[in-house]
Amino acid sequence: MSRSADALPTAMDLLAQLEAGAPNKVRANLDAFHPDTAELVLGWSFADVVGRDGIDLKTREMLTVAMLAAMGTAPGQLDFHMRAAMNTGVTREEIVEIVLQVAVYAGVPACMNAITSAKKAFAAVD
Amino acid sequence: MSRSADALPTAMDLLAQLEAGAPNKVRANLDAFHPDTAELVLGWSFADVVGRDGIDLKTREMLTVAMLAAMGTAPGQLDFHMRAAMNTGVTREEIVEIVLQVAVYAGVPACMNAITSAKKAFAAVD
Amino acid sequence: MSRSADALPTAMDLLAQLEAGAPNKVRANLDAFHPDTAELVLGWSFADVVGRDGIDLKTREMLTVAMLAAMGTAPGQLDFHMRAAMNTGVTREEIVEIVLQVAVYAGVPACMNAITSAKKAFAAVD
Amino acid sequence: MSRSADALPTAMDLLAQLEAGAPNKVRANLDAFHPDTAELVLGWSFADVVGRDGIDLKTREMLTVAMLAAMGTAPGQLDFHMRAAMNTGVTREEIVEIVLQVAVYAGVPACMNAITSAKKAFAAVD
Amino acid sequence: MSRSADALPTAMDLLAQLEAGAPNKVRANLDAFHPDTAELVLGWSFADVVGRDGIDLKTREMLTVAMLAAMGTAPGQLDFHMRAAMNTGVTREEIVEIVLQVAVYAGVPACMNAITSAKKAFAAVD
Amino acid sequence: MSRSADALPTAMDLLAQLEAGAPNKVRANLDAFHPDTAELVLGWSFADVVGRDGIDLKTREMLTVAMLAAMGTAPGQLDFHMRAAMNTGVTREEIVEIVLQVAVYAGVPACMNAITSAKKAFAAVD
């Protein structure tokens, strides 16, 4: 089977790699909504999919930043994954390149929003 | 300066790495629209941005596939970049992982469309 | 004919069902932009379309919440319709289910934004 | 726990309710991509989320049709869920109302695309 | 009042300016869906909104082409409005400029799709 | 050649027409991200594309406002271009018409967001 019944601990471990302190914070946010949410959403996202082998976590965060910046509909999540990208080893130079590439595929306004988000991550991780 | 006045030859070289035969085909398509288009659009996209150092071309194609699949508004371009990804060294296993990650960030229908596109690329590159 | 020339009073009545106090507030906002806006936009939206028979208002609000959460481009309107959904009889349990279903069709970030919006509505309607 | 390790049989049962013959067809399509896909994508979508209690399947299909029509990025999936909606008890009158409501929240072109899709479903289910 | 109860004849007149033969074709398509659709959708779109004074029809079609190309979710409607733009006096040179500007604000893939659509309109109107 | 190697001065001149004081502010923002950004992004956007002949700057700003309002993913840029539109000669009446037309092609929530943005521009330019 490609997934486990109790994926939450694995998901929490991955989330801790994205940002120290995130597991408790995200978990509390989701539990206050509905007790099934953490397992359904985080368990699936992080244990079943993002935690899979085949692409390393750093490259996955590069993909996530690119997708969120291109879609432009979740600025808070883009901020989080800009920091998570840096926490998993994506360099500033690489973030600059991703953000410029967003301009090509999703337009300059999407790039400008990503610049704002990247600068917040640069300041936060310093 | 971060860009050259005559970026088109550099862009055509990069496009040839994405798919053999693409430069002439894409160029003819754009020239039939307006003679400035190739230089303005391809020169900027491929010579000024995608051709930059800092991220290798294989990783850039992974980012492009993820963005196009997540946005879902350019199925023809997604088909092209699925093939281009494979032509620049992205493995089938990596494409599978990208496509599954699209489900997390852009939803299952976006993932299903990307599966269709990936399968066409798998068949074409065989 | 499927619409009336003077749809505004009907639209205002429906808007009052969505949230007490909304008609005056929304009307003042639109009138300050241009005097035709209320009739053109609200009259059409609420009297001509949403006010139609065939689907009850509660179910229509469930549809509206799902669409706004999936599109992700109007967070303020999503907040309003989360409250409106509850005001027209959508239960918290039903909102939880809609929000989880958004993850399937529009991705986890859209779901996370909808969770934030739903929690504000839960607190506001308490 | 809110999900089971082996969700695929449950998901296939739900998919059969959406359209007779769909489970084998969809499963074959996904298995030809990667053997984990069916369980990861369908198991999660249909067993873990859409198969939950709290909203009946007919109403869930109304929500899905509205979301897909509003997003406008997965026309093939919209066609499928238009038929699935009818197969789970959504009436033509209700589909008409959903499609008109899409015009309000996502614009007239989204509505026009949904009309095309709905008409195909009306003809297919006849 | 900013709208009339029976807007359909006015809408049909405007639609005829966009493309000869369109009123009958579009009307038949909508009537086959539901008899209220033409008045609700076309009456509002074309008589109440697009038919208003304040911006001439040619400029309105330029705006419509830009919006549809930037959103990228209604390729059939983009094809129609490319032709409609030319029929209301937008020149090929102006369409080229709009399409290039789409690249800046919505990305190169949106521009490429618009080029395909524009070339069809150029051929059709010849 | 359709573009110059050193497009930045031309781009800065155009940006100054959009809003007095914008060049220094935008430039400082981009330079703090990466020194190549201004030339790559602004040089291309404003010198190579938006600064082209064929459509006057006022009409281009109308197109930009319509696209940004329809996409709904860059509210800060929409605010800027609402003011820029007025600074390049777009009248309040014309902005009202654009904003209403957005409702037709992108839906009422997109229109409502554009109303909020337009009212801020009306107040700022007064």
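In order of appearance the chains are A, B, C, D, E and F, and numbering begins at 1 in each one.
One rule holds for everything that comes next: a contact is a pair of C-beta atoms (placed from the backbone, for glycine too) under 8 Å apart; a residue touches a chain by one contact, two chains touch by 3 or more.
What you see is a predicted model; the values in this text were computed from it and never measured.
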Partner chains shared by chain E and chain F (touch criterion as defined above): A, B, C, D
Angle, in degrees to the nearest 5, of the Cα rotation that carries chain C onto chain D: 180
Centre-of-Cα separation between chain F and chain B, whole angstrom: 28
Centroid spacing, where centroids are CA-atom means, of chain A and chain B in whole angstrom: 23
Per-residue multi-chain contacts in chain A, two or more chains: 36, 40, 44-45, 49, 68, 70-71, 73, 96, 100, 103-106, 108-110
Chain A-facing residues of chain C, complex: 71-73, 96, 99-100, 103, 108-113, 115-116, 118-119
Of chain A, residues touching chain E in the complex: 70, 103-110
Chain D - residues contacting chain C, complex: 44-45, 49-50, 52, 54-55, 59-60, 62-64, 66-68, 70-71, 93-94, 96-98, 100-106
Residue ranges of chain B touching chain F (in the complex, touch as defined): 1-7, 35-36, 39-40, 43-44, 48-49
Touching residues on chain A, where the partner in the complex is chain C: 29-30, 32-34, 36-37, 40-41, 45, 68, 71, 73-74, 76-77
